[in-house]
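A, B, C and D label the chains in the order they appear, each numbered from 1.
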């Protein structure tokens, strides 16, 4: 809950986002926003033989949400659709280097993952599993 | 706010109520109740030449409300209608001997006066002045 | 007594360290509201002194801390009544607001002209008047489960009441006047057989005995924090999650929305959808602590303690002339409440004279005027017990009642 | 600063004796909720420790004492806003509930299909969404007083808006985002000329400046205790007494009735008719004490203090590159609120980095999404001031903002 969450990797991706933009004719494509803070994020994925061959994100928002999206795109390149659907938030958070992001900002960090899951499940024609509450 | 309010005069009138009962053909007649505690009180007054010639009360309730009614009837005998309409709560409370009755019980003590005023104003065809709030 | 836990328990409650009218204070009005232990008061003070802030939307440390305390209290209370999920717990001001919430949302949406609502003759005004008003508004019928002179519900006519048009049943778990524990599990199960949705007024049960909403299978379930050691101004609605999800909101404003434009709004998830505006944060936190305190003792231990006090009291008071306990024959009493008449002394006189002895009891209709009518009295005097009471309180009440007789005769 | 009163004022607020994240705590989120002085906390604790009991119906000493404290708080608050009578003061949970109360009672009874409600584009969700819902239910129109880029209302089209069908006007006294003080006395007077009934959302004015409801001539007037040093969970509806008397009740249950039978009920007098169930007694008492505390300083002194802080802040922040204050050109600002953007840094990042410096500011839409849209931003960062702030807080914010830049670039 302090500037400690602004690790080098986050700041690096915030200042120089990778894979920013959009893809036409993407097989997987989804977007969402967080009305509370106005974060907006879209992800487009091109598949070849069920494997991610290209991926772009676009959006606006805080350093955490945008850098997390940028980092995520790098992590996903070359993965199979099955791997996308099984990708966990712990994998992403570990890469971000800020496991203790705190409840106020964790939603920012996970927005990109949420969009990925929406798109992947939609592509698979499956229903998005709802988070267990409590 | 203790048994101190049960002065001798109150207990005397509680044990031996004066002027209890009702009058037929009373010129002034009114009743009211206090739903919170179930106190019930009626007062009947006969007038001769605008002067109280007979007065009775009837009802059920706590020692304070019933003895106050009994004491009130004694105080009113022989008074003019004008005097009835001007009779004050301080006069009654002084006679009861418990000026510091406290907010929880003062309504009990003043129920008889309220009934008297209702009846008197009705007889005079006047509107009951509402208590000023605040 | 059954347990040594209760030996020094008054020390946990700072109000008992005061003398009132120069005498040790005997508090016998816990059915109206309960005293607060230091733990609860301290938790409220801790919030104000250390993390006082608005919740849910703050990014800074104390707001995150306050949000966690508030939501942890919700979980804690959910576990206390064995809710399936903490998201079934909606914070309200009190039990009264929780009943009104259901009347204004689920019941207004789902009940139609000609439907009937089943209540009982022993309801507190808070679980009666909201239904009278709804019945007038929607042209519903109100039907009442009657009570026997001993204070038990007459249940053999239930099949008549639970006929086709009956759609909703709202009843008290425990009577605040008689202490009767109604067999609500059976009643709810029968109601469900007839497709009737149920609300339980648990204002007098949750504080005094173990309660399990999953076992009872209630649809709606309400209680008040201030009657279970908790702070002022906080109450709870428990409801099955699918019900909550399908209900329209109750009040509208900040925090209960997810998205707002000038002419449209979307709602937040449950339970927040039902918590409009800044809630009673300190109240919720304090209620969470009250639950901790009660859990430390154990609700079964508390229930047993009160029944022992009740038996002791009945025994002692049997020596008093013209002393009548309402519902005494009733075999299903919490033990938390004794309503009585005493000679022809008026309850107000009894309460005033006892106050002079520093004994607090309640006199009046206890917000249950229809029940008073049924009992044939305008008012009763009521002594009610809780964790901090012991047999010495009952002895003092006994002496106080003798004083009442000596003053008034 | 203007007054020595503010010299040691932080000592009155226990939260400032804590270090947060190892640094002195700088609280700049008073528009969300304010910190509490010891006087207020102590009054709550005093109630719990000395006269904790249910009110209005108790005959014993502590209940009489609690009732007096509760009703004295009502008078105190009435005098604070110069209400004609304390019986015009209804206790609610917060400003949000007070708005909903009016929407569900007076407005539901008196507005008819085709009528229109006038709002402004700068309303908090709590004074917007209740009217959206009512409009849908009753087929009313919603019309909005627009705002200029500087945050002031555009009032020259009022005559168009106040046409025949306009029956109700609900508007904020002070914007919680921009600090704009709306000229509500004039607007209300013009509304009354057209027979329009008015509600003032005073959540951001009553805490910060002298307010006189008789002078303003508002019909309904709402605010929250927690934004003016008071406890959690208590708010106020002020309304002219004849309005209150002619309104149906809001919630139903104990205490708001005078007489109840199984099928009928009569209501208590105002204001109690609108206070169903056990209220937030400690909350009301604490709010009464908050008012005492504010009176000791003086509302005009507080207003001046905040304006001095505001001017100091504007001056200092003018040194920051790419720093933009929303509504800066506005000449009618309380001085209590600064909403800003800073380079292209996202408000959440700004708030998080400031939190690391132990500075609490708010980031987000501030429950005013339509206003955000009008300002063309998804969110702003907001610093808001109160009695306990001083220029050193602003200096620390200034340093914090420089840190933000160094982290994010």
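In this section, contacts are C-beta pairs under 8 Å (C-beta built on N, C-alpha and C of every residue); 3 or more make two chains touch, one makes a residue touch a chain.
Quick caveat, the model's predicted, so the values are computed rather than measured.
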> Where are there more C-beta contacts: B-C or A-C?
Replying inline: B-C
>> Report the inter-centroid distance (CA atoms only) between subunit B and subunit C in whole Å.
In response: 39
> From the C-alpha centre of subunit C to that of subunit D, how far is it in Å?
Replying inline: 31
>> Can you compute the centre-to-centre distance for subunit A and subunit B, using the mean CA position of each chain? Integer Å is fine.
In response: 80
>> Using Cα averages as centroids, what's the distance between subunit A and subunit C in whole Å?
In response: 47
> Out of subunit B, which residues touch more than one other chain, so two or more?
Replying inline: 1-2, 35-36, 104-105
> Using the touch rule from the top of the page, what residues of subunit D touch 2 or more other chains?
Replying inline: 21, 57-61, 63, 259, 348, 352, 355, 363-364, 369
> Can you name every pair of chains that touch?
Replying inline: A-C, A-D, B-C, B-D, C-D
> Considering the complex alone, what residue numbers of subunit B touch subunit C?
Replying inline: 1-6, 11, 14-15, 35-40, 60-64, 104-105, 108
> For subunit D, which residues count as touching subunit B in their complex?
Replying inline: 57-61, 63-64, 67-68, 75, 78, 85-87, 258-259
> Which part of subunit B faces subunit D closely enough to touch in the complex?
Replying inline: 1-2, 35-36, 102-105, 133-134
> Of all residues in subunit D, which touch subunit A in the complex?
Replying inline: 21, 346-349, 352-353, 355-357, 363-365, 369, 372, 377-379, 403, 407-409
> Mind pulling up the subunit D residues that touch subunit C in the complex?
Replying inline: 14-15, 18, 20-21, 25, 29, 32-33, 35-36, 40-41, 44-45, 47-50, 52-54, 57-63, 93-97, 99-100, 103, 121, 124-130, 132-133, 142, 144, 224, 226, 231-235, 251-255, 257, 259-265, 276-283, 348, 351-352, 354-355, 358-364, 367, 369-370, 373
